Each structure stands twice: as C-alpha cells, then as structure tokens.
Amino acid sequence: MTTMFENTERGTEYVKRLTAFMDSHVYPAEAVYAQQMRESGNPNHHPQILEDLKAEAKSQGLWNLFHPHAEWGPGLTNLEYAHLAEITGRSPQLAPEATNCNAPDTGNMEVLTLFGTDEHKEKWLRPLLDGEIASAFAMTEPAVASSDATNIETSMVREGDEYVINGRKWWTSNALHENCKVMIVMGKTDPDAPTHRQQSMMVVPMDTPGVKVVRGLPVFGYQDREGHAEVLFDNVRVPTSALLAGEGDGFMISQARLGPGRIHHCMRVIGMAERALDLLIARAQQRVTFGKPIATRENIKDWIAESRMEIEMARLLTLKAAHLMDTVGNKQARMEIAAIKVVAPNVALKVIDRAIQIHGGGGVSDDFPLAEMWAHVRTLRLADGPDEVHKMTIARQELRRVDPEWGRKK
Amino acid sequence: MTTMFENTERGTEYVKRLTAFMDSHVYPAEAVYAQQMRESGNPNHHPQILEDLKAEAKSQGLWNLFHPHAEWGPGLTNLEYAHLAEITGRSPQLAPEATNCNAPDTGNMEVLTLFGTDEHKEKWLRPLLDGEIASAFAMTEPAVASSDATNIETSMVREGDEYVINGRKWWTSNALHENCKVMIVMGKTDPDAPTHRQQSMMVVPMDTPGVKVVRGLPVFGYQDREGHAEVLFDNVRVPTSALLAGEGDGFMISQARLGPGRIHHCMRVIGMAERALDLLIARAQQRVTFGKPIATRENIKDWIAESRMEIEMARLLTLKAAHLMDTVGNKQARMEIAAIKVVAPNVALKVIDRAIQIHGGGGVSDDFPLAEMWAHVRTLRLADGPDEVHKMTIARQELRRVDPEWGRKK
Amino acid sequence: MTTMFENTERGTEYVKRLTAFMDSHVYPAEAVYAQQMRESGNPNHHPQILEDLKAEAKSQGLWNLFHPHAEWGPGLTNLEYAHLAEITGRSPQLAPEATNCNAPDTGNMEVLTLFGTDEHKEKWLRPLLDGEIASAFAMTEPAVASSDATNIETSMVREGDEYVINGRKWWTSNALHENCKVMIVMGKTDPDAPTHRQQSMMVVPMDTPGVKVVRGLPVFGYQDREGHAEVLFDNVRVPTSALLAGEGDGFMISQARLGPGRIHHCMRVIGMAERALDLLIARAQQRVTFGKPIATRENIKDWIAESRMEIEMARLLTLKAAHLMDTVGNKQARMEIAAIKVVAPNVALKVIDRAIQIHGGGGVSDDFPLAEMWAHVRTLRLADGPDEVHKMTIARQELRRVDPEWGRKK
Amino acid sequence: MTTMFENTERGTEYVKRLTAFMDSHVYPAEAVYAQQMRESGNPNHHPQILEDLKAEAKSQGLWNLFHPHAEWGPGLTNLEYAHLAEITGRSPQLAPEATNCNAPDTGNMEVLTLFGTDEHKEKWLRPLLDGEIASAFAMTEPAVASSDATNIETSMVREGDEYVINGRKWWTSNALHENCKVMIVMGKTDPDAPTHRQQSMMVVPMDTPGVKVVRGLPVFGYQDREGHAEVLFDNVRVPTSALLAGEGDGFMISQARLGPGRIHHCMRVIGMAERALDLLIARAQQRVTFGKPIATRENIKDWIAESRMEIEMARLLTLKAAHLMDTVGNKQARMEIAAIKVVAPNVALKVIDRAIQIHGGGGVSDDFPLAEMWAHVRTLRLADGPDEVHKMTIARQELRRVDPEWGRKK
C-alpha cells in the first residue's frame, strides 16, 4: 500500500532494504529472543540474539537510521526516516535496538550531538553511536504531576566546581539495561529564575556515587527488559562540565529533542498497529465458530475496515508532521506534533484491542505479542505528557486562530 | 494552516482567488439569499442573487473549476480541485452553484463529455457548461435497497427506434431546480445479461411525456431548493440515440463518475466541518455561563482539539485519494475512495453536532447554518451507498492482502 | 419484556389499557393525522383526529394520567406514570396530547395546582384539565446562555397594581397551538435580590396587549405543530394577581416542576427509541442486499443488541429516578434526575440514527417517523439545560462524596 | 447512594456487616498482602494474611455468602448476594476468597451441591465449603474457538469401569492455587450424539496420574496467584463415579452454573469500577497542574459524571438480572444475563482506564491496584464467551420479538 503522497527514491530504497532485513532476520529472531529471555530467568537480561542482529544491521548499513546528520548515519529527513520507524515498530523489542534506533538512546544521541562538549562526545556519544553502550533519560518524578514540566523538583546546586544533585526520578527508561552507562538528568539549578529558565540538563554516569536504582517499575505486569527505573539521587556530585549547553537551558533542550522523538514513537506505534491488524486478519481467517470462519462475519469486517481507515489517517497525519518539521520547522508543526501524540497511541490501542479480542485467551497471554504491545502503547498516552495536555495545546492554537466575531461578520 | 503536503503553484493561486471571492461576494450574499428565498415563499425558488454570483464568478474565471479537461475549464487535477471544493463547501448553498461546480450537474457534465453523442453535447453539455440549465440524475429506487446497485428495477425496453422506460425513482436530485431541463437515468435494458451488464444509462429531457415528478422529498424537515424528487416513468419513450455509450454500459459509467464525485462531496463536507468549527469557536468565546466564557472550559477545549484532529485527518485521507486518482488511477485508489466516503461525513457530523450543542436553541433552528448542514451531511452517509457497503469493500481488500498463515510463519 | 423490577397492580392495569388504546386507536390514526395536516397546508393546524382521540381517551378514563393528585386524574405515582409516558412516546405527535399529558401543559397544570390562585384555577387550570385549551411556557431567551437560569433578563417591574413585562423569549413551546390561551412567564422582579430570589413567574393570557408572537422556530427544518415561538413582551401589563406564589419564587417554582417533567420527557424518549428499534428490526428483516436479508448480517445484529442494552439501561435509570422521587423526594434523586436528562436523549438518538441508516433514503424523509423523531430528540439535549450542565451537577456531587485522602487511607 | 430500587432488611443488614469487615480488616490487609507476596518471591504463594482474613470472616458469619441453599450459608437470594459481591469486588484479591466466595470455587460448589454424588460431597464439597481446599474448572481449550462450546475436543472414552481422558485445556483457573486439590473437567463422551448431548463433566483430583500442569498463563504480564493454567490430560483414568449427573449432561450443567456466576462476576466488576472511581476522584483532588487541581477541570468532571452514570446503569441492569433469576428463572432472564456480561466489563474498563490516566505513571505500575484490575477485567470480555457471542444471543431474541410486518401494519 502506498503510505504517503510521495517518498523519495532514497527513502524508498531504505524501505526496501529494511523490509528485507525484517523478513530475513528480525521476524525469525523473535522466537529465539523469547527463548533466550525465558532461559535467562532475568527480565533485564541482554540476550545474544540482539547483538547478532546489531552486527548484521550494521554490516548492511541499516544503522543509526534516525540520525539527521550525515556524519553519523545516512542523514535521512524526518519524513524519510518516519517510514523506517514504522517498519521497526512491527517488532518493537528487536528492530529498533538492532538498528541502533532505540529510545531514549536516539534522543540522547541527538542531544549530545547538539549540546554535548567534546568530552561528552568522545566518552558517551561515540560508543552510543557504535551501539556499545546504552543510556537513560531521567525527567519524570513521582511526587509531582509530570504533565506540567515546570513541576520538576530535583535540585542541582552548584558548590565550587561541582553540582550536587538531590531528588527522586521514576520512569527512567533504559536504566536497567545491562549496557546502560550514563544518564541525562533534568533538574532545577535556579528555582528563582523565570519559569522556563529554572531547569538544566546534566550528563551523569550511572556509577556516580549517590545514584541508586531503587526498583524497576512494572508496566501492567511486565518488567520491560530495558527497565523503567525509580532512581534516587542522594548528594550526587558531578563536575560543572556535566552541564549540557548552559545553566537554565534544560527546558530548551527538552523542546529540541521533543519533535523528532514524537515522530519516531508515533510511527513505531503505527507499525505495531499494522502488525496487530495483520494478526487479527490472519486469525479471523483461521478460526471457525458456529460453522464459519470469523472473517466472514460483518461485524468483524467492520473492525477490519475501521482499523484500516484509522491507521491510514494516523499515518498520514504523522507523515505530515514529519514533512512540516523538515520544511518549515518544529514551531510551524506544533499542532501536528501535539495531535499525533494523541492520535497514534489511541488508534493503535483500538486496533490491538480488537486483535486481542479475536485471539481469545491467547490474546491476553504471551502466546502472541498483542498484550505486551497493548501495555506498552498504553504508557504512551501518558509518557511525554498525557493526551489531555496535548489537546489543550491544540485548542489554544485554534482559539487564537478564530476571531470571536467570525460568526457575526460572515 | 497548511492543508496538505504540497499544492502546486497553480493550485495555490486558485485557492487564493477563490478565497477572495468567498470573502468579497459569497459570504455577504448569504443573508441576501436567505431573504430572497423567504420572500418568495417557495422552497424551490431560484433567487436572483445566485445568477449575480454566477456572473461574477464567470467573469473572474472561477468557473467549471471541477472539469478535468482544459477545453472546458482550467483543467485542474483532482488534487488541485479538491482544495477548491473544500472552500466552496463552506457556503454549500451558494458557492458550488455560483462556480458551476454543483452536483449532480458536475457528474452529468463529466458523463456527457466522456460518453455523450455530438447531439448530447450540443443540446445539453454546452448549456450546462455555460450554467444556463440544470440537470438531474435518476438512479435510486424506493422499492429496493439502494446499497446494492444491481437491485435496480426500472425497465428500459427497446421497441423499434425507441426505448420505453417504466419505473419509479426517488432522490432524483436537482429535479425541482427551476432550470432543470434534462435527466440522466439508469435502468435495466437486459435482465438476463451478466449482473453488471444489465444496466444502461439514457438522456431523458424533463418534458418527455410520461415523466412525472411526483413530489419533493424532505430531508429531515428541509425541502432543498434543488429538490430530491420522486419521479415516475410511465411509458416514457426516448429515441435509441438517448443511450449513453452502449447497452449494458450503465454500471461502467456509474463507476466512472464515482471517483471524482466522491472527492468533490468529501471535500465540500470538510469545508462544512471547518465552517462549523469556526462557528463553534467564535460562539464559545462570546457566550458566558456561570461567570466565564464557555471557551475557557476544558471539556469544550477537548471538543475543539478533537474536531481539529479529526478534520485534519479526514482531509489528508481525501487528498491522498485525489492524488492517487491523479497518479495511479481510480482502481488503485479503491480503498481510499471507499474510506473517505465513510470518514468525511461522519467527521463532519460530529463537528457540526458539537457546534449545534454550543449554539443552544439557535443551533437547531435556522438562525445559523448548522442544523441544515447537519441534515444535508447526514444524507451523505446513505447517498451513493451506505457506510456499511464501503466498509465491506475495504475489508474485502484487507482480507485479500493478508495471508491467513501470517501469524504462524512470522 | 419486563421493563422494571416491579410495577404495581394498578400500574400494570393502566399499562394494559393504554397499550390497547394505542393499538386500536392511536397507531391507526397516524396516517389520518398526516393526511389532515398535509391537506390543511398549515403546519400549525389542529386536526380533527386529535379531538376524536381526546374524546375516546377521556371516555376510557385514560385522561390526565400524569397528574399526581387523585382529585384531577388517577393519582398515579411517578413510577406508575413513567411506564405510561413511555407508551405514549411511541406515537409522540398523537398519544401525549390525546391523553391530555402533553408538555408543557402538564408542567403548567402542576404549577397552577400548587401555586395558582383560585382565579387561576378557575380560569386556566380547569379548562386545561378538560383539554379545552392549551398553554405555553416562556423561559429561555435568545440573548443569553440558557444553561444558566440566572442569566434571564426579561424584566417585570411593579407599577401600582400592575407588573410591566419587557423582554424577548424564544423556544416558547405551544405558543402556536391553535388552542393556546395562556402562558406562564419567568422574568426578573428584583435584579438586586440574592441570585436565586430575583426571578418570579406570572400567568399571562396570550391576548394581553404587547404580547407579540414574532415567529415559529424551525427544528431541523420542521415547523412543529404546537410551535416553538419567539415571543416579544413589549410593555405587557398584567395585574399583580398574575403572580404565582410570591415575588422571588420563580426559581423555586421552576425547580418544583423540573423533576416530574424530566421523568415524563425521558420516558417518552425511551418510547421513541423502542419504536425506532421495532422499525429498525422490521426493516432489516424485509430488505435484501447482496442476496440476504440485512438482518442476517452480524454488524446489524450488533446494532440491535447494543440498542436493546442501551435502551434497557436508560429505562432502568429513569424508573429508579421516578422511584426515588416517589419515596425519598427530588433532592435525594438529584444525581439520577440529572443523569437521565443526559442518558435518555443520547441513547434514543443513537438508536434512531441506526434505524434511519437501515431505512436508507426513506429514513431521512417523512415516509417514516424517524427523521422527525431524531430532530425532536436532538433538541432535548439542549432544552432544560444542555448535557454539559447536568454532568457538572453529577460531578459536583461525586467530588463531595469522595474524601481526597481516600487513596492514601485505604 | 441507594444502589437499587429496594433491598430486603436481611440484605441491608449483610451489606452493613460486610462493609464494616472491609473497613476494619480487608482494606488494611492489602498492604500486608502485597508485602507477603513480594517477600515470598513466588507469584503463586498462598500468604498467611488470607488465612487470617478467612478465619475472621468465618467467625463473623460472613462465609459462603454466595450459597443459595440455607443449609450451607445464609441462603441469600441472587439479588441480596449481588450487593455483597459488589462490595467484595472492591478488593478483588482478598475479599472474595476471605469470604469463601471465590470463583471458580463457588461455581464448583454449586455444581457439586446439585449434581455431585454423596462421595463427591463428602470428599470435595465439604472441605470446599469449609475453605480448606481450592478447586479448578477446566473447560476452554487452546486449539479451538472457545466462543462456541460445542467446539470442545477433549475426549472422555469409557473403558470398563473407567473413563480415559485425553486433551489439552487452558485458562484452568485456580489450578496453581497452593490449596487446589480437585478439578471439574468438561469433555466429550459421545462425538456422535446430538450437538448439546456430546459433553460430560467429571470430577478429577489434581494428583491423578496423567494430569500435567504445563504452565501458568500470564495476563498482560501478570502471573495471577491462583493461576490460569494450561493443563495436559494424558491418558488420565478416572472411575465412572467421577461423572457429574449423567453422560451427555455436560452442556446442561454448564448452563446451570452460568447464570449465578455471571451475576457474581459482573457485580464484582462493578465493585472494581466503584473503587477505581473513588481513586480517580481522590487523585484528581490531590494533584495540581498548571496552577489548579485536576478536579476543577471540566473535561475531568465529564469523566467523573460519565463514570457515575455508566456504573449506575450497569449495576441496575445486573440487579435486574439477579431479580429475574430469583423470580422468573434463568430462562426468562436470558437477555439480561447476556447483556450484563457485555456491559459490566466494558463499563469497568472505561472507568479504570480513566483512573489510570489520572494517576499518570503510577497508574500503569503496581503502586495502585488499577493496572492489575484493568488486566483482570479485560479477560472477562473473553472468559465465558466473548462479547460478540452474547450480542448475537440478544439480537436473536429481538429478531424473534419483532414482526417483520410491524412497520407496515402500524
């Protein structure tokens, strides 16, 4: 199916190559992955199959696809990469990491590229780009509503050549990854500055004294391999060179990483929805109830048609957002970037839920990837701002757009 | 707001000119139109203001915008015209007819261009293109479910040099238009032919003996100006030259007119949704309840944001359908053409309904265009096939796409 | 189907008798009514068939069924009457008026019974109870949001033995009824009093000088027979004896009429939904598409099942509200009285819309009662407060109910 | 809040006592339970706190509340018990088992009471009623669609004085409970009998040779304490006395256990929804975003009001089903028993999902009971027949109810 108005030749070529890699290496690796994880008995185990896939992807040049700078990867546009992110989303536990396009590493790599010191680049960015280490991002806090970023309370107090960090974070993704070596941490350097200049971001090695990974948070019943950790910062001391950009730039940096990250997440989510729809349709054709295949029933056909329409529209909107970012910039794409964050997860949840329903008991268990996909996508209605906050962003813009006298004048 | 990935320079130019025409001529004419209609006391009255607008549009070169053939109009692509159809949809009772882009005249003009004889072109197509006459399209029948076109029962029996037509049609739009001079009629010439070769289409002048316009059908309580008529064909005799294309080509012709018509309808519907959203927002900013403007309430902001997202996605899908028709043809766009027919009216109904709710009692009356818009759009969930039939089309294609063994193999 | 936990013997007896009256007299009268209305050419015509039905209902003792006081009718409880209101709702243009149970006459009769002077009772209540005259209720105003009753601006200024009324009302139902002789009008007697003591209600004969019925408001194109009028009060003078209860009691009176009126409206709406469902099912069994009856398709069966479940739940909630009003009073039933006002119309709109969809073009025209029912029920999401206001009432009560510390303590 | 039209004095008394038990013992035990489970490191651990609660409940006479026969418990009606099931549902991991009202033990106890031999009663029913052992129910199979019970393939072949059972079951709930000693198993004794006479049910001790508990199935990542097991029957031999009722009675028995079980499940689900709503409201009052408590926002108030309305209606429908079962029997309550199975879980899922959304990251983790509740309730849209099957049951009944000629006659 044609998935956008146009893709470039280069983009189409990558789509073809990545699809071939999925067919020949990734899908067949899923069962191996499941077995290696099960055998390890450790939900945070880093299985060999992943390293094998990474090596293969690297050798095929399917590596760092996300990185916008040609120096570090193929240098694709947001629109070109968007199609690839969708494809990796079809096998969410393997494909993004296999191609070194995994969150939050991707966002961290972008931030280090743009705002890191030479030392940061040498010590952290380089091995991240090579897939040798993993990294975490610590922003959300348990004590305050994360939908309002200015609520953040973790303190970063300067003492001589050091900052002393105190606070409690949670949903620090990747912190339990076996390869995780470093974190980017958001905190407050100046509680008295203007609202959006109080925050700073710092690079904190995982083994810094005072950093304590308290626990991994389950998502529904899942302990994700990479982990969503609660992390305690107890008088953590870092040199002032840990600072990214300048003091007070934390909010600005978080905005900069935001746009592309949204596209990546949303397109992967659409990839999950597509896979769920494939599974739904295949199962509906296999299973027979009361004498005929489920797929012959008109209510199930309605589900299929509605899923197709909803996915298609969510994809077009996300591609438009990517295109706007490429051509007129994040600011002009504000409505679309807010909208896809609401639309894509909600559409995917609907499609996956229908697929679960068709799979019966198998659908809620781990015999199919559906229940775990659903749980993962459900968190995306909260991560990086709940739906409700993004809708307010859109409404604010619309209210500005329309003259209150419109109805009277025209 | 940017409404698509790209429009052409020519398309953008037309958007600008048509928008200016709307602002300077069409919106101000709405009150005049309402008054002229009211004063006439005749719901099927053809008011002078419409002729004035037609003259102005013609003089500005905003005429026959829909016509794909450069000989007859500007020769725009489906994608270029789609944006213009949206704009005319904002004032549905004036703008489409003012620019000679009104259904079913547009479809009839396309059919006559493609399949009409020289005589048809001289006698009917030319004055239609000049906006001198109007025309009707008679397909649906009261006695059978219109969702299945093969149900049609009107008989067209050849007797010598003539066909004798007998049957009863309804929802024959435009039949009560004061300028209506001719109909295109679908009927059965050969009940024994293969299912899709039984039907033929013929050109029937309104004043042919035996043609009886029985009544105008109300839509909810509205008697639309152009009329949706029940028409009785009682031994109506037409010469064999009335035939469009050949005997048995009726179904083929109806398919040919289908694609572009869908785009036109859906984009106009999106224009209506945009206007309803403008009215909603303006009103929400004006009205105060319990001490604050309605627009400050988060539930209303949710409505606004959801409306914006839904409209945006419906528009992108429709534009994609237009683009596919322009580039790979109707057949390759089958999914999209079916999908927009479901999506656009349903989205518009939701948005208009929210606008009605914000307008209180005014919303359901004729003090605002909302109730009439709603009633009109509601018919589009039925006209040209109910939602349910289009969903089955989409599901069928999806079922073909997915290998039933998918879930097992991958 | 059993429609509640229990009805009384008396209630069950009335159900039986009213059902028989519907079957033998009301349903057969519908076609006669349509013809008499059509022939009159006047949307506000009062046709003879209605008087015939009234005479018959009176002779059968099916008269003033709504009236809670045994002196004036059978003296049924709210719960007993609720079942009867549902039955009359199945033929909304005939049955309520035929049994003298039509709004707003019923509410007016209750108000006059409770708060009228002896003169009011003699002059207006008696002929209303006898079905000799009709009456209107003037509350909503075009200039202010009706969702907040304190917005009302019509002034009632005392001058000697008279009040002088100035203002503009709309949606004054029944004002165009040929028998309408009197209005109950809400206005402001003291703009400086506490918020809920500023309003008063007065009895105003329709022929009082200065009362001007400006126009009838259409509802989705329909001019309802009884009329929803815009009424201008231009220095209308009434004696001080026109006052119901005392000065400042307007809000209190409006609350008193509220509860029972809600039950009546909601149960009639449920009756409409039941009739729409009957029509839907019957049609789905008759019509054949693509070789099988629509009723054999699983998506249509889903609609039927969902309609049945939704109607059943809306009915139970309404009956519960009625029961609470009978046993613990309106105040204790506040949540339920607010909830049914939201639930019943929304459920009915869904069911009727599905029925319209099944009826195709016939569904939106006047060949079936569905389109007109839909338009009428749509107004009920606004009349007597929009959905949004009632939801706030419920939320307020819930917020009071739950201790903010709940989650921490238990 | 009054939750039904009327409860009996006896029922109201039990509501009071059970509520007190919840407040004084169950809610405070939740944290203890969580700690004991965590410390055990075993998801199927049976913690001491449960035995403590059971002892307390027994001593207070809050024991076997479900059992309709006065000999074995208080002998409450379905309607009386329904209110108690709702209350236990508020703490679903503790309260049902604490009061010996846990599924599938309850259904098994009813079946053994009605169809068990004296030996069954002595050996299994008595210790079950005393809470000394637990029991499982094995019906669903992985290889066939469970929505159609006649699909079951497990074979039960008579050989002399024994039956030999072969097959594979899954979702055998309670099979991993540490106290589980016995199963009731459904299988096919005669594949050639009429469709509903092929199945039989047998009593199979867990330690019978050939019974192999293959694995516990996760539910959205959760390994429930009692376990949903895949169980292999590999030439399992039981004496003919294992048969419940007669050969071929399996389907009949499954119907008999069905009705009351539905009420229990649905009322517990409503209890979960009520608790989720309490948590939602409490949290919305505590959390502040952008300067005001979430609970002051109108979109959140809409969620609260909608949750209240939806819960209320689902409860009334379930109570009506219980009442019908008490008064006119399961057969007459068929529509309602099918409807609540669809309505209650769907309503609860909506309410719990809203509560999760308000709780942010905490909502999807195990810091609140919401995610686990959601996962559990989601399985109920599948267990005991998917929604789709129950809707077909309702539609079938409606289609029978309405005369296809209705629309024409009336």
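Per-chain residue numbering starts at 1, and chain names A, B, C and D are given in the order in which the chains are listed.
Keep this in mind: contacts are C-beta pairs under 8 Å (C-beta built on N, C-alpha and C of every residue); 3 or more make two chains touch, one makes a residue touch a chain.
Please read these numbers as outputs of a predicted model, since none were measured by experiment.
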{"item": "Shortest path length from chain B to chain C (each step joins two touching chains)", "value": "1"}
{"item": "Interface numbering overlap (same over half, different under half) for chain A and chain D", "value": "same"}
{"item": "Chain separated most widely from chain A, comparing mean CA positions", "value": "C"}
{"item": "Geometric centre distance via CA averages, chain D-chain C, whole Å", "value": "42"}
{"item": "Centroid distance [mean C-alpha coordinates] between chain D and chain A, Å", "value": "37"}
{"item": "Chain centre separation in whole Å, for chain C relative to chain A (CA means)", "value": "53"}
{"item": "Touching two or more other chains - residue numbers and ranges from chain D", "value": "297-302, 388"}
{"item": "Of chain B, residues touching chain C in the complex", "value": "140, 142, 145-148, 151, 170-171, 217-223, 287-290, 294, 297, 299-300, 356-357, 360-366, 371-372, 374-375, 378-379, 381-383, 386-389"}
{"item": "In the complex with chain A, residue positions of chain B that touch it", "value": "1-2, 4-6, 27, 30, 277-279, 281-283, 285-286, 295, 298, 301-302, 304-306, 308-309, 312-314, 316-317, 319-320, 323-324, 328, 332, 335-336, 339, 342-343, 368, 388, 390-396, 398-399, 401-408, 410"}
{"item": "Chain C residues within the chain A interface of the complex", "value": "297-302"}
